[in-house]
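What follows are several structures.
Presented sequentially are two complexes of chain A, the first with chain B as partner and the second with chain C.
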Partner chain A sequence: MDFIKPTTWEEALEARASVPGAVPIAGGTDVMVELNFDQHRPPALIDLTAIDELAHWDLDGDSVRIGATVSYTTIITELANHLPGLALAARTVGSPQIRNRGTAAGNLGAGSPAGDSHPPLLSTGATVEVASVRGSRFVPIDEFYTGVKRTALEPDELIRAITVPAARGPQQFAKIGTRNAMVIAVCSFAVALDPHERAVGTGLGSAAPTPRHATDAEKYLVDALPWDSSEPLPGDVAERFGELVAAAAVPIDDVRGQATYRTHALSVMARRTLGWAWEEYRCA
Partner chain B sequence: MTAVGRNVRRADGEGKVRGSVRYGMDYTELGALTGKVLRSSLPAARIARLDTSTAATMPGVRAIATATDAPGLSGMFFVLKDQSLFARDEVRYAGEALAAVAADTEAQAEAALAAIEVVLDPLDPVLDPDHALTDGARLIHPDWESYETIVPGPRSGNLAWESRIERGDVDAAFQEAYRVVEDEFRTQRQHQNSIEPHAAVARYEEGRYTVHTPTQFPFNVRGRTAELLGVRPSDVRVVVPAIGGGFGGKLDIMLEPFACVLARKSGRPVRIVNTRSEELRTCAPREGGIVRLRTAVARDGSILAQEGEIIADNGANSSGETVACANAASLVLGSTYRVPNARYVSKVVYTNTPPTAAFRGVNGPYSVFAQEMHLDHIARELGMDRRDIRLHNLIGSGDVMVNGQEVDGPFLREAMDELETMRPWQQLQASKRPYRGHAIVPVTWLTNSGAGSASMKLNEDGTVTVASAATEIGSGAVATGVRQLVADQLGVDFHDVLVTPPDTDTGGYDLGAQGSRTTFGAGNAMIDAGKKVREQILDVAANLLEAAPEDLELADGSVHVQGVPDRRVGLAAISATASMTSGPIIASGGFVAPPESFDGGCMTGALLTHFTAATYHAHHAEVEVDPDTGRVTVLRYTVVQDVGRAINPQMIEGQIQGGVVQGLGYALYENLRVHGGEVVDDNLESYRLPIAADTPPIDISILENPCPYGPLGAKGAAEPPIVPVAAVIGCAVADAIGAPVNELPVTPFAVLQALRKQGESAA
Partner chain C sequence: MTVGTPDNLASSTRGGVGQSPRRPDGTRKVTGQFAYSSDLWHDDMLWGVTLRSPHPHARIRSIDIGAALATSGVYAVLTHEDVPGIKYYGLEENDQPVLAVDTVRYQGEAVALVAADHPETARRAMHEIVVNYEVLDPLTDPVRAALDPEAPALHEHGNVVRHQPVRVGDVPSARSRADVVVTGEYEIGMQDQAFLGPESGLAVPGEDGGVDLYVATQWMHTDLREIAPCLGLPEEKVRMTLSGVGGAFGAREDLSMQVHAAMLAMHTGRPIKIVYNREESFYGHVHRHPAKMRYEHGATADGRIVYATARIVLDGGAYASSTTNVVGNAASLGVGPYIVPNVEIDAYGVYTNNPPCGAMRGFGAVQACYAYESQMDKLARELELHPLDVRRINAIHQGAAIATGQVVDTPAPMREMIDRLRDAPLPEAVDSGDVRNLPGGVSNTTHGEGVRRGIGYGVGLKNICFSEGFDDYSTARVRLEVVGGEPAVLVHTAAAEVGQGLVTLQGQIARTELGVERVSIAPADTQVGDAGSSSASRQSYMTGGAVKRACEAVRDRLFQLAAERFDVPADQLSLSGGKLVSEHSGVLVALADLLGDEAIEETREFHHRPTTGMDPVTGQGDTHTQLALCIHRAVVDVDVELGLLKVVDLTAVQDVGTVLNRVSLEGQIHGGTAQGLGLAVMEEIQLADGKLANPSFTDYLIPTILDMPPMRLDILERADPNAPYGLRGAGEPSTLSSTPAIAAAIRDATGLQIDRVPVRPHDIVHPVTG
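What follows is the complex of A and B.
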């Protein structure tokens, strides 16, 4: 297996184009597990960590552009104000060591439905910037996930950055695991409220072959939330929202949990995260 | 300053912290080949064909071993000899060895495994222990009657072993009962998951095998390896490097006999190290258990009689301790509370699953879980307080346990009283909030009685070396405990007591690190040797100081005349003098626990008959349940533990914290699932060990009720802290949700199910 360590983005794209099947690696938290267990033996690894520009984030107007090798720890320590949903999710990833290495772009590249970054990225309408020697394109997050561990990336493309609109209202995230840390999610959920646009975003993890929105739940909430008042969240709204989120899920039974439990837990997390978000909104 | 009672730092601590210690899996020898084992993919099958001829010609392959190379049958503790090293005509579990290969590289060994032609004709696997005992069930060992046993034991077909205790008039007591309460409990397999996997490096020289392996019990590995290979125990030498954890999982042979056979056939050293997946799939876990209890109680809550059936899943053979420990389940059911009339039967059952074995506390954790959940059920039926019913039936001075053994003091009561000062029961009851629960569990446990021996010499520089086969499994028993005892006995500094690495060629017999016995059993053996060394020292010193030996004192590395501290001679001078006069100072000693009196007539098939150096404990936990997600959070945990005498309080606290956390894993997370005969959880992503974030604050109080035959009164301390944990957590969760949970682990799914069932019955 070859190990390619480009120092510029152009070199990286060149390597990706010239070695079919080469796997990009940043933190390696998914890639190395697959290699260590011999589940995958790619012809080459392309180490992205020597490309300076990928390791930075910028505030670009109303959006944050996160380079492909920005770690979860950086998201937690530097972006919690701009991207509270993503920062909350980043806090639940693995252990401090894993958060120091792992990246949100890596989560996208692996495409596992259990990745912790997916729900907040979905709920905020992020955009994935991908590129190849043929040029760049911007993929809306909704179109990025195409199947279990499959994404919209072409074989010669790399993820360069993720652009996420800066939060204009409360964002929340919840995750259920089989213990209190160092877990892959049994299921997870994110919600984002945008009071200016009266918009609601959701994201479900480990609930279907791909991370997904609960579109009906979003639509329902836009109309049902008492946006103009500072009253507590009506119980029936939370209840209905939970039901609609659960209805959006098509989970499976696997070693981590049962489908029925996942559906139930999603409705619980939907109610709770909405409750927290609404408290934050009405008390602001 | 004396060492006993102080938190001296472990002799192996710096090396372990700095990473310089060489563990068993780090050990290798020049020119060592890599060994790999071919294992069955099916849980039950006839071996139609096994052809190694192609594999033998492959590059780098130096030896291939199969069933013909290991003619012997054996079993753990030599109790029931139903295990061959390789499957012979029939495969009895997925993971059973079919062949082994030694090659220059790991890749070559794996390629050779893949080239071995295997044809298996599947048989119908027998997987459920209850089903295995039914009349029509296929016999897993059709030749069961031909197997040798250490003593005649009740067994038949798929019933590998049965032990029974019957005392009093059970049937009459049930006739008189105010209430009869009945329950069934089911528990899972739990894997030891030591951080270091099994590893073995063997060589064959001059007709003898030498194997380096991080085992808890070198003499067992020696005897069992010899038996499987059909050689004498003295033909095998076992040397133990630093052990990276065991928890019972490294008591028995695993890879050693394979490495030995391959070393003989290849003429080269052979090293085999398990992957984590091989550990989880093939290294014997704590058995799954079914416990059925039926109890007759009086109106005041007195237990009048109890019937218990314990079904323990032996797996496919008796290579683990499950058979040897069968009676422990019955003993523990009848040693915490007065059970004047009892009928307990413990059945160890063959199934086509990987064999099960010892794990800290053996069958105690699930027996106690069953007994305590059951007691809460009785308390509910009678409208009694949960602590009151326990205190009412608690065993104490003058009472007898279920085997007729007399209880040596009111120590359980003292443990409960101490706990009361730490966590006042009524106060906690009164301040209860919704979905919060708490529970209290007393328990009696034992110290392993097994034999130990040691030899001790005074070195030229006045330091002391102890040669022993006692192993340091991580508890600190060898790294601190036994050294502290010897240091004080001979008046030398703790750091001047050296203990040799375990080696069956040089160390005397020792029953290994099990049942909390090392400080107790090996420590007593060392004290026995130390007495003789001390006498020799004083004899030499008496001549040098012109004083009577009885007027002399040993302290600070020298001998002085009592009351005249200036008249002294150092141990180095004594050693030098001895080597020119009476001969070098050296002595050996031994220990086995004295017998306790009990009623032998009430038991059949019992290999463990009584409690040696019994210890007394009380645990308490407070939990919170999330009624929506089913998640259980342990808020606080409290342990009161009787240790006899605390030789090193800090090491004991470490054992208590570790035992409790391992118990929380068993109660809430860990479950080695076997589906269709195959282990589902063959990695640590799906097999969930508890971690720091799952660990509550643990408050500890150590009680000291000295044992007359313990070293300075000490009793076993390392095993018991895991024993009542699942019971405490189960009872506390049941208290929080108002519904029982009769299976382990108590997962969020199980909690939600219990809540739903309770909701349905309320509606």
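What follows is the complex of A and C.
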């Protein structure tokens, strides 16, 4: 196996094009686990960590552009104000050491339905900037996930950055794990309220073959939320929202949990996170 | 033998018994410089890998090694046909093939070996081996294996490895006197020891046709007795040296790569290194026996237990390992630390096509403890008594007998322990604004919604040292000489330091007994006599006892030497601060001057008092060397809507006889408690038709610092006059009682039965009601 360590973005794209099957690596928190368990033997690794431009984030108008090698730790410490949902999710990733290495772009590249970044990226309408020697394109997050561990990335493409609209309202994230830290999601949920647009975003993790929205729940909430009021959220609204989120899930039984439990837990998390988000909104 | 607590415990030698000197291996371990067995290296070495069965049960029609052997860089491909000696080994029964002969009985069973000049070459060649299997239906239900005579026999002598009954009194007539009767069916999942250093080692072929083995193990001499016959070598041609051990917890009692590496080394004439990765490690060692248990207790209205019955089925998996003795523990300790006048226990250990199970911290006593403690809580509810009261009413004490009829003849302060735990303060309120303090932790699943608090208790009784007539002695060699003008002591044993701190304690004992601060511990190897296993909470007692005796022998010779030279009575001499002191004349001479160029070396064995076997029909007998008690109170917050939980507080009271090293001791109680917590709420090897579903630390979860609360410990010292310094083994008892205490707290918070551990979220959210 070759180890390629480009220092410029152009070199990285050329390496990706010239070595079919080469796997890009940033923190290695997914890639190295697969290699260590002998599940994957790529012809080469392309280490992106020497490309300086990928390691930075910028506030670009109303959006934050997160370079592909920006760590979860950076997201937690530097982006919690702009991207509270993603920062909450980043806080649930692995251990401090893993958060120092792991990246949100790596989560996207792996495409696991259990990745912690997916629900907040879905709920906020992020865009994935991908590129190859053929050129660049911007993939809406809704179109990025195509199947279990499959994404819209072409074989010669690399993720360069993720662009996430800066929060204009409360965002929440919750994840079920059978340990109180360092655990892969049994299922997870994110919600984002945008009072300016009167929009609602959701994201479900480990609830279907791909991360997904709860579209009906979003539509329901846009109409049902008393946006102009500062009253507590009516209980039946949270309850109904939870039901619709659960209805969007098509989970499976596996080693981490049962399908019926996942569906139930999603409804509880949806109800609770909406409650917290609404409290923040009405008290703001 | 000196009994009780000697006067010199308070002696001024720095780093002696009763103090907590720094571990000699501590700094290197913390800084990452300690060499574990996986770090072994020889410039000439080849890498060995093991081909394992993908099937839990299959007949082997043929094995074709041709393509693997033809791979460039491959030096050997071996099957059972290449085993130089006896093809089977085992801790208690020789039933496990070195390499599968004609049948595989569990997924992961070793079938063939490859040695190559690079690990990747070896792995690739391994995939070229073609094994033609006839796949058979696996037998995976241990209750069927125990009780159904129609079940297919997995071994020649049937599927029951051991059935041990215990019969006391007359249960049917006692049942008629009971005012309340409680029954329960309990289940324990398969726990893994989850040590951090996977199986690994180096075998170096010797010029004499023998082999030098550098391995991480728990008991070198029993390894040796199993390895040498398989290699067709006399024991003296297999020389073993202990390498850095990255945890054990029972999983290193059985052989793993020892014979394999030695076979490859003898075949190729080259040193062989084998290192399992984490996944292979899950297949490469035994686990804790899962158990299915049916209990019935009857009591009178005043809370006194009048009878108990228990059927305990322990799943031993494909090979016997230590199932025989695990059954003995489950049976003899089956009703725990309670006075029960009428008893019927049937404990079974069986063969199935599940992974082999054997030793793990708590060893058969853990399983029974969860069941009988759950029964105590049921009794308390029925009787409307406080859970601690029902335990106190029936508590054993010095002079009382346990189920085997063995009279507890040393302190057993269970009532005092219960009273102290009752008075222990409850945890202070935590900052609930920090999600780390709530169920779900950083996963942010609750800000207080759905959270209910429960309190539960557990008491456990554990045997210390080996039982049932086994003479698990230990040997120590102690040498005193002058090095660089100063007296220095070298302690040499074959006892395995597995992380528990035995090397520290050996030094402490030598300092106390010889009054010399400078003590070195020689590498553990088989060039000195048997030390027995680092298990059963026994090394402080047994190897500690042997070091103490060897030191005493050295001291006696010193005193004789001084008595002759200074014409004073030897019995009026003592050692302090590197000097010889006479009762009458004060300091006589510095040790260094007395010794000169002479070295004094003595080797001594230490044996514990003899025990008996269990009667095969009644289970009666004085089977245990020493018994130890630990009691826990758990406070658990449960998110009843999501089934997630946070263990908020764990308080333990344990009687340890005498504290030899408080820091090490507290570490043992903390660690045992954490392992019991893992069993209560998360640690389980999941099996589907005999296949492991989660052989990784991604999905086999062990507690993190956010799962394990800070502990309050109340350590009692009620010396055991039979034991060195009065000590009581302390490595295991806390593993027993923390699991039922946490389960009881979850019960208290939810009102659910909680008749299975580990408790999973869906057990709380969607309980299956019986």
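We take it that the second predicted complex is superposed on the first by the 284 of 284 C-alpha atoms of A that agree within 3 Å, B and C clash if a C-alpha of one lies under 4 Å from a C-alpha of the other, contacts with A are read in each partner's own complex, and residues count from 1 in each chain.
One rule holds for everything that comes next: contacts are C-beta pairs under 8 Å (C-beta built on N, C-alpha and C of every residue); 3 or more make two chains touch, one makes a residue touch a chain.
Only a predicted model underlies this, so the values are computations on that prediction, with no experimental measurement involved.
*Asks:* Clash or fit: chain B against chain C, after overlaying the two structures on chain A?
*Replies:* clash
*Asks:* Considering only the touch criterion stated at the top, classify A:88 as touching first (chain B), second (chain C), both, or neither.
*Replies:* Touch status of A:88: second partner only.
*Asks:* Should A:256 be classified as contacting the first partner (chain B), the second (chain C), both, or neither?
*Replies:* both
*Asks:* Touching A:36 in the superposition: chain B (first), chain C (second), both, neither?
*Replies:* second
*Asks:* Considering only the touch criterion stated at the top, classify A:264 as touching first (chain B), second (chain C), both, or neither.
*Replies:* So A:264 meets both chain B and chain C here.
*Asks:* Touch check for A:276: first (chain B), second (chain C), both, or neither?
*Replies:* second
*Asks:* Contact-wise, after the overlay, does A:3 reach chain B, chain C, both or neither (first, second, both, neither)?
*Replies:* A:3 sits against neither chain B nor chain C.
*Asks:* Is A:175 in contact with chain B, with chain C, with both, or with neither (first, second, both, neither)?
*Replies:* Once the two structures are laid over each other on A, A:175 reaches chain C alone.
*Asks:* In the superposed arrangement, what residues of chain A touch both chain B and chain C?
*Replies:* 176, 178-184, 255-258, 261, 264-265, 268, 272
*Asks:* State the interface residues of chain B toward chain A in the complex, per the touch definition above.
*Replies:* Where chain B meets chain A, its residues are 628-631, 668-669, 680-681, 685-686, 688, 690-694, 747-749, 752.
*Asks:* Per the contact definition, I'd like the list of chain C residues that touch chain A in the complex.
*Replies:* My answer: residues 123, 277-279, 436, 439-447, 449-450, 641-644, 646, 681-682, 686, 693-694, 696, 698-699, 701, 703-707, 760-762, 765-766.
*Asks:* Inside the complex, what are the residues of chain A that reach chain C?
*Replies:* 33, 36-38, 88, 91-92, 95, 172-184, 186, 255-258, 260-261, 264-265, 268-269, 272, 275-276
*Asks:* Residues of chain A touching chain B in their complex?
*Replies:* 176, 178-184, 255-258, 261, 264-265, 268, 271-272
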